[in-house]
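Below: a set of structures, written as structure tokens.
Note that subunit A is present in both complexes that follow, paired respectively with subunit B and with subunit C.
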Partner chain A sequence: MARARTVLPDPSYEELFTRARNRLPGSQLPELAELRRQAWRRVCEIGLPTSRVEEWKYTSILGRVQKALPLLEATAPPLEQLKAAFAGGVEARRLIFVNGRLVPELSHTGGLPDGMAITSLERLAARQPERLAALTRPAEEEGSAFAWLNAAFWTSGAVVELAAGVRPQAPLQLLFFQDAREQAGMTHPRLVVRLGPGARLHLIESHLGEGEAGQWVNLVGAVELGEGAELVHEVMQAPPQSATLLARSRIQLAAGARLVRNIASLGGGLVRNETEVHLCGSGAEALLNGLYMPMEREHVDQFVRVHHEQPGCHSDQFFKGIVGGKARAVFAGRIMVYRDAQKTNAYQANNNLLLSDEAEVDTKPELEIFADDVKCSHGATVGALDPSALFYLRARGLPQAVAESLLTYAFAGEVLERVVDPHLRGQMARRVLDRVPGGGALEAEGLV
Partner chain B sequence: MALLEIEDLRARVEGKEILKGVSLSLEAGEVHAIMGPNGSGKSTLAYVLAGRDGYEVTGGAVRFLGEDLLAMEPEERAAAGLFLAMQYPVEIPGVSNMYFLRQALNALRKARGEEEVKPGEFLKQVRAAAELLGMPQELLKRDINVGFSGGEKKRNEILQLAVLEPRLAVLDETDSGLDIDALKTVAQGVNRLRGGERAFLIITHYQRLLNHIVPDRVHVMVDGRILRSGGKELALELEERGYEGFAGKAA
Partner chain C sequence: MSSAIETVREVTGGEYKWGFTTPVEEETAPPGLNEDIIRMISKKKGEPDWLTAWRLEAYRRWQAMEEPKWAKVHYPPIDFQAISYFAAPKQKERPKSLDDIDPEIRRTYEKLGIPIREQEILAGVAVDYVFDSVSVATTFKQKLEELGIIFCSISEAVRDHPELVRKYLGTVVPPGDNFYAALNSAVFTDGSFVYVPKGVRCPMELSTYFRINAAGTGQFERTLIIADEGSYVSYLEGCTAPMRDENQLHAAVVELIALDEAEIKYSTVQNWYPGDKDGKGGIYNFVTKRGLCKGRRSKISWTQVETGSAITWKYPSCILQGEESVGEFYSVAVTNNHQQADTGTKMVHIGKRTRSRIVSKGIAAGRSNNTYRGLVKIMRGAEGARNYTQCDSLLIGDRCGAHTVPYIEVRNRSAVAEHEATTSKISDDQLFYCRSRGISEEDAVALIVNGFCREVMDELPMEFAVEARKLLGISLEGSVG
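Take a look at the complex of A and B:
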């Protein structure tokens, strides 16, 4: 008999579910309670992945999540740290989640344009519970146990809705702060973003935190872009090293819609991003830029799938990794061109810089093409700093160590300069500098 | 004392001897040109002077301002006042030209025990240099040489030269890739930077450049050796006769 690829969740989950289910938001609603039970059953059917599951070959998460952890509660977070993470400018609207729970007093969602609504799931549970099931139900074919786990255990989340043609000037920032100074535990926040036809949104998502207590964040996002809608989604992940962050997003684009997603993973003990982009209408476009920079014993896994379902769509994946210490990075990017998706343009590049002999990168670009009239390319590199660039800088007077730091920064800079919000870009740049060996000696002023 | 004194310099690349005994002496304020057929070792000489890895010196000596140049790291050579404008300038995505230039200038100043340049002063200096070379300001903000045309890259090298103010500038085929107007502009730029103590070693294939930047001496390099040296008329002679007839070429 083949060895099991997945394992049953530890009984502690069942115990927790039994104990907590009557207190979870919306539990008074039979339909939602049933959905949570059904979701829990799906978790058990699918099981939690071992490294024998192909998609989890290089990332072993089981040790961190097999046993249930207490559901996290909000705390009084360190305000200075929160403020330091504000991005999007003075006009930005902001939702702040502490330990995965929305903190309305710290959030700012006033003065939204007509046709734009930002609602928390908790609030919906109180006011319009009948909407919850539809907003939290995974797609029937959803094969990730973690997505179902989220549907069973969510306690908090946000729904962002823009009606047709609504284009707020100000960005919206979602700030997730993990206060792990005392509490260990898990949280399963959920995010729903819906843009009507022609709507446009600049969404910023920041993850940070503090403390040594182990926390696990199991974030699930569902994004739908109507015809011609445009979403710029910029993500900085810098939770404490004690944290595990699993972020799964499913993004659907209707005809002519445009997605720009810039994501930088600059912290966290284990971070895995699962990004599924569905180009469901012709002429849709998705630009995915990513930077990851695990150091010490950190682990980052970028799992990206772009589904070209309709003709004439364009996608471009540009991911760069800098891996130091004993860290490990995984990039698994797949382009899938469906049979009808003629005139597809799909590109993917994954370039990695190894800073130490003990660092490791596993990169697996994949193409599955079932249409014939397509332009696709993919490529992956793993290497060290370019000697001719190093010489160029030294020949202009930069000491070797400085030249190396600068080139390492530059490697990341190529992604950073695509980040639209200058505040977020600055925050990312500082974190990158903190991570670049000798980066402290580089002058920050003027770097991106 | 000569500014640069190259004595019987021999060097290998990938185990193959390329420089087979080069001797050359250059005084402060002078402009020398080196001409020679493809593959004769001109760029190799330039790289050996600048200290690039992979170029193994097997004999001879180079003194720069009386110091043993070959014992120095590339950045020490830069700090001592050596500048190499490269035949193929490197593209470095992720860092802006302007940032790089300021760091380079400050690194040189620091190595010489001088103060950092004031931001306003730096800006003025760069603007002036850009104007001198007819270089759009826009290029300064872009990443180092990324997306620059061949000619823009060459101009960028001379811009760096103008800002970093070395004692000796080695220009490796700065003229190739420049259009006629750009050639004039760059030559004018170089001429403005000429004079005083600053010296130039100009590697070129074309007499045309030397019409604009008139050299004090012309050297002909063939097969890793300088076979002949003369005044500026030597370049004209080469233009007419080519390298044919230079001993060693056939060897």
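Take a look at the complex of A and C:
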């Protein structure tokens, strides 16, 4: 008998669902209550993945999520830590979620231009409940149990909508803070972003937290870009080591739309980013940049799918990893070119640096191509620092250790320099320096 | 080298030229598989008890296994009970000399362009011919024996050199390795066996020619090559099959073992019947090939030109166990019409400073799907290991698919693994350049494809290049079938 590839969620989920479903936002609405029940059934049908599921070959998540954790209420977060994570400049609008619940008194969404609306799912539940089902329903073909789990258990989320041609100057920051100082918990936040034709938005997303009690965040994002719309989406993930962060985004681009997504995973016991980009209109463009730096026993998994569905689209993936300690980094990127997607131009690069003999990198860059007039290529490397570059620096008087630190930092720098918001870039650089062995010495010597 | 051009021409336009059957009296087992059939095969071949037991053990394992489903190929379920697991040309006794071979069989090989005698003299290639499941002739045996090289069918090896067979059989591909390897271990009927003793450099290319002839049968051959310390051998393998509406199963196992400083070069031109234009018929080629670089500084090199088969499921691999051992994989896979190929390699780096190189060229035309699937695994102890992988795909027409699925797993910081892949079509610029210099469109395409494959074609041994051209060239028109 073959071993099962997926397993049923622990009964604790079912218990929690039965207990909590009348208190979840929108529970008074039959349609939404039914959607949550249906979502829960789908979770049970699909089952939670073991490493025998191909997409989860290198990442075993079961041990961390098999049992349900309580859905916590917001607590008072350490304000200094929050403030240190503010990005986007003084003009930036900000939504702050603590334990997956929006904290309006810390958030700032005033003075938005006409045609731009920022709200939360729980606010919608009170004011426009009829919209909730449409905003939280996963696509019918959705095969991820976690996406359905989110649909069953969400307690909060952000809805950002821009009408045609609206181009706010100020960035919008979403800040997710998990408080695991006293109690373990899980949250299933949801992010809905809709940009009308020609609209433009700079979205910053930060994940952080405090405490070692254990937190599981199961974020699901649904992003739709209208014709010619442009989204710059920058994500910094720096939760504590006890945290499990699963972030699944489905991004759909109409003709001529443009997506820039910069994502840095710089913390967390287990972080998995599932990015699914659908280029649904000709001339759409997606630039995905990623940096991940798992250390000690951390585990980062970058799972990327780019669907070239229409002709003449362009996509570029650029992911770099630095792996130390006993950490493990996984990259699984796939470019899919559909039969009609002629004149596709797609590129994918994944470069990894191993800092320790106990670290591991597993990379799986895939191409799946059904059109002939295309240019698709990818490159993947795993290795150590270039000895000739080290020699160059040593010949100029840098000690071996400093030269190594500098080159390691520079390796990450190639991704950092693509980050648009200078505040966020600074925070990322700070975090990278803390993780580069000898990073402190680099600063002390004034080399960075 | 023009064989690349011809290969492509052949698969993109030409008809299958080797689709004839030979009216040889065949001895076949009734369809189906059970322990009695296995005992019958074993008994017919006069095998020792340990081998019968080994087969039965493999069969029991196979029964508990599931067919692999992960490859990017689609086919209706195979009824393993409808296949006959043994087909042999009927002969009273083993031929004393080549002249004793059934003239029909000799004619078959002549049709294929490899007259047994002529080939051996002209090309100086020692050939073992496997007709359906049974080896029919081995040439040049005497000369090889003088050097201590054993080159014979595996049945003969079981009889004459049981200690070698027993020592190495199943050590690289264990009977329970995978579904098809287990099936092969249970029912394999023949194949080639090579042993090159210490310090001997095999003076000629060794070659096996495989042909499936009988209907309703599968072919399950097993090849075992052992290169003892400091030896060298180059081995060539070719295959064809008749045209039939049904799908026939070919599930071979090849095991290579290279001891200290030994080198094995294994080249394949696979040209099983690919099915007709509508995808009817053709061979299912589900093959397990693996080499073990057991000794230090040993080397195993796989070169394959895959043009045939309705479905190819094949991953010639190298286990780089010895320090500083080297593994290579060069592949051209061409698919057309409804062919599906899921092929690639595995390089497992265990020893220190092991090196591997993978060059894969996939060409997809018609409605075919061509997948490269490979694994590069660098284990914790493989200090200073090095891998370079390049896989390029070329698409001809807009109904085909080309896919690349590499897995790279690295657990040693001093190791370096590099992977590069591209997918493209023949660019209009390249075509225009050639055409403006008076080269016809057809020749220009051939020229460009030739350049695309060159890195791999150059790896084919000279003798084989001649045969490959013979096999694949359009010049064969009218000379066979």
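Simple rule for what comes next: the second predicted complex is superposed on the first by the 442 of 448 C-alpha atoms of A that agree within 3 Å, B and C clash if a C-alpha of one lies under 4 Å from a C-alpha of the other, contacts with A are read in each partner's own complex, and residues count from 1 in each chain.
Note that in this section a contact is a pair of C-beta atoms (placed from the backbone, for glycine too) under 8 Å apart; a residue touches a chain by one contact, two chains touch by 3 or more.
This one's a predicted model, so the numbers in the text were calculated from it and none came from an experiment.
Chemist: Please work out whether A:P399 is in contact with subunit B alone, subunit C alone, both, or neither, and reply first, second, both or neither.
Modeler: Only subunit B; A:P399 stays clear of subunit C.
Chemist: Just to be sure I read the superposition right, which of the two partners does A:P422 touch: subunit B = first, subunit C = second, or both, or neither?
Modeler: Neither subunit B nor subunit C is touched by A:P422.
Chemist: Should A:Y409 be classified as contacting the first partner (subunit B), the second (subunit C), both, or neither?
Modeler: Only subunit B; A:Y409 stays clear of subunit C.
Chemist: Considering only touches as defined above, state whether A:D362 meets subunit B (first), subunit C (second), both or neither.
Modeler: After superposition on chain A, A:D362 lies in contact with subunit C alone.
Chemist: Let me test your reading of the model: by the given contact rule, A:P113 touches which partner, first (subunit B), second (subunit C), both or neither?
Modeler: neither
Chemist: Where does A:G440 make contact in the superposed view: on subunit B (first), on subunit C (second), on both, or on neither?
Modeler: It touches nothing on subunit B or subunit C.
Chemist: Give one of first, second, both or neither to describe whether A:P104 is in contact with subunit B, with subunit C, with both, or with none.
Modeler: neither
Chemist: Subunit A residues touched by both subunit B and subunit C?
Modeler: Overlap of subunit B and subunit C footprints on subunit A: empty.
Chemist: Under the touch definition given earlier, write down the residues of subunit B that touch subunit A in their complex.
Modeler: Per the stated touch rule, the residues are 50-54, 73-75, 77-79, 83-84, 86, 89-90, 92-96, 98-100, 102-105, 107-108, 111, 143, 160, 164.
Chemist: How about subunit A: which of its residues touch subunit C in the complex?
Modeler: Within the complex, subunit A contacts subunit C at residues 2, 54, 339, 342, 352, 354-384.
Chemist: For subunit C, which residues are in contact with subunit A within the complex?
Modeler: The touching residues are 66, 70, 378, 380, 393, 395-425.
Chemist: Which residues of subunit A touch subunit B in the complex?
Modeler: Per the touch definition, subunit A meets subunit B at residues 386-389, 391-400, 402-403, 406-407, 409-414, 416-417, 442-443, 446-447.
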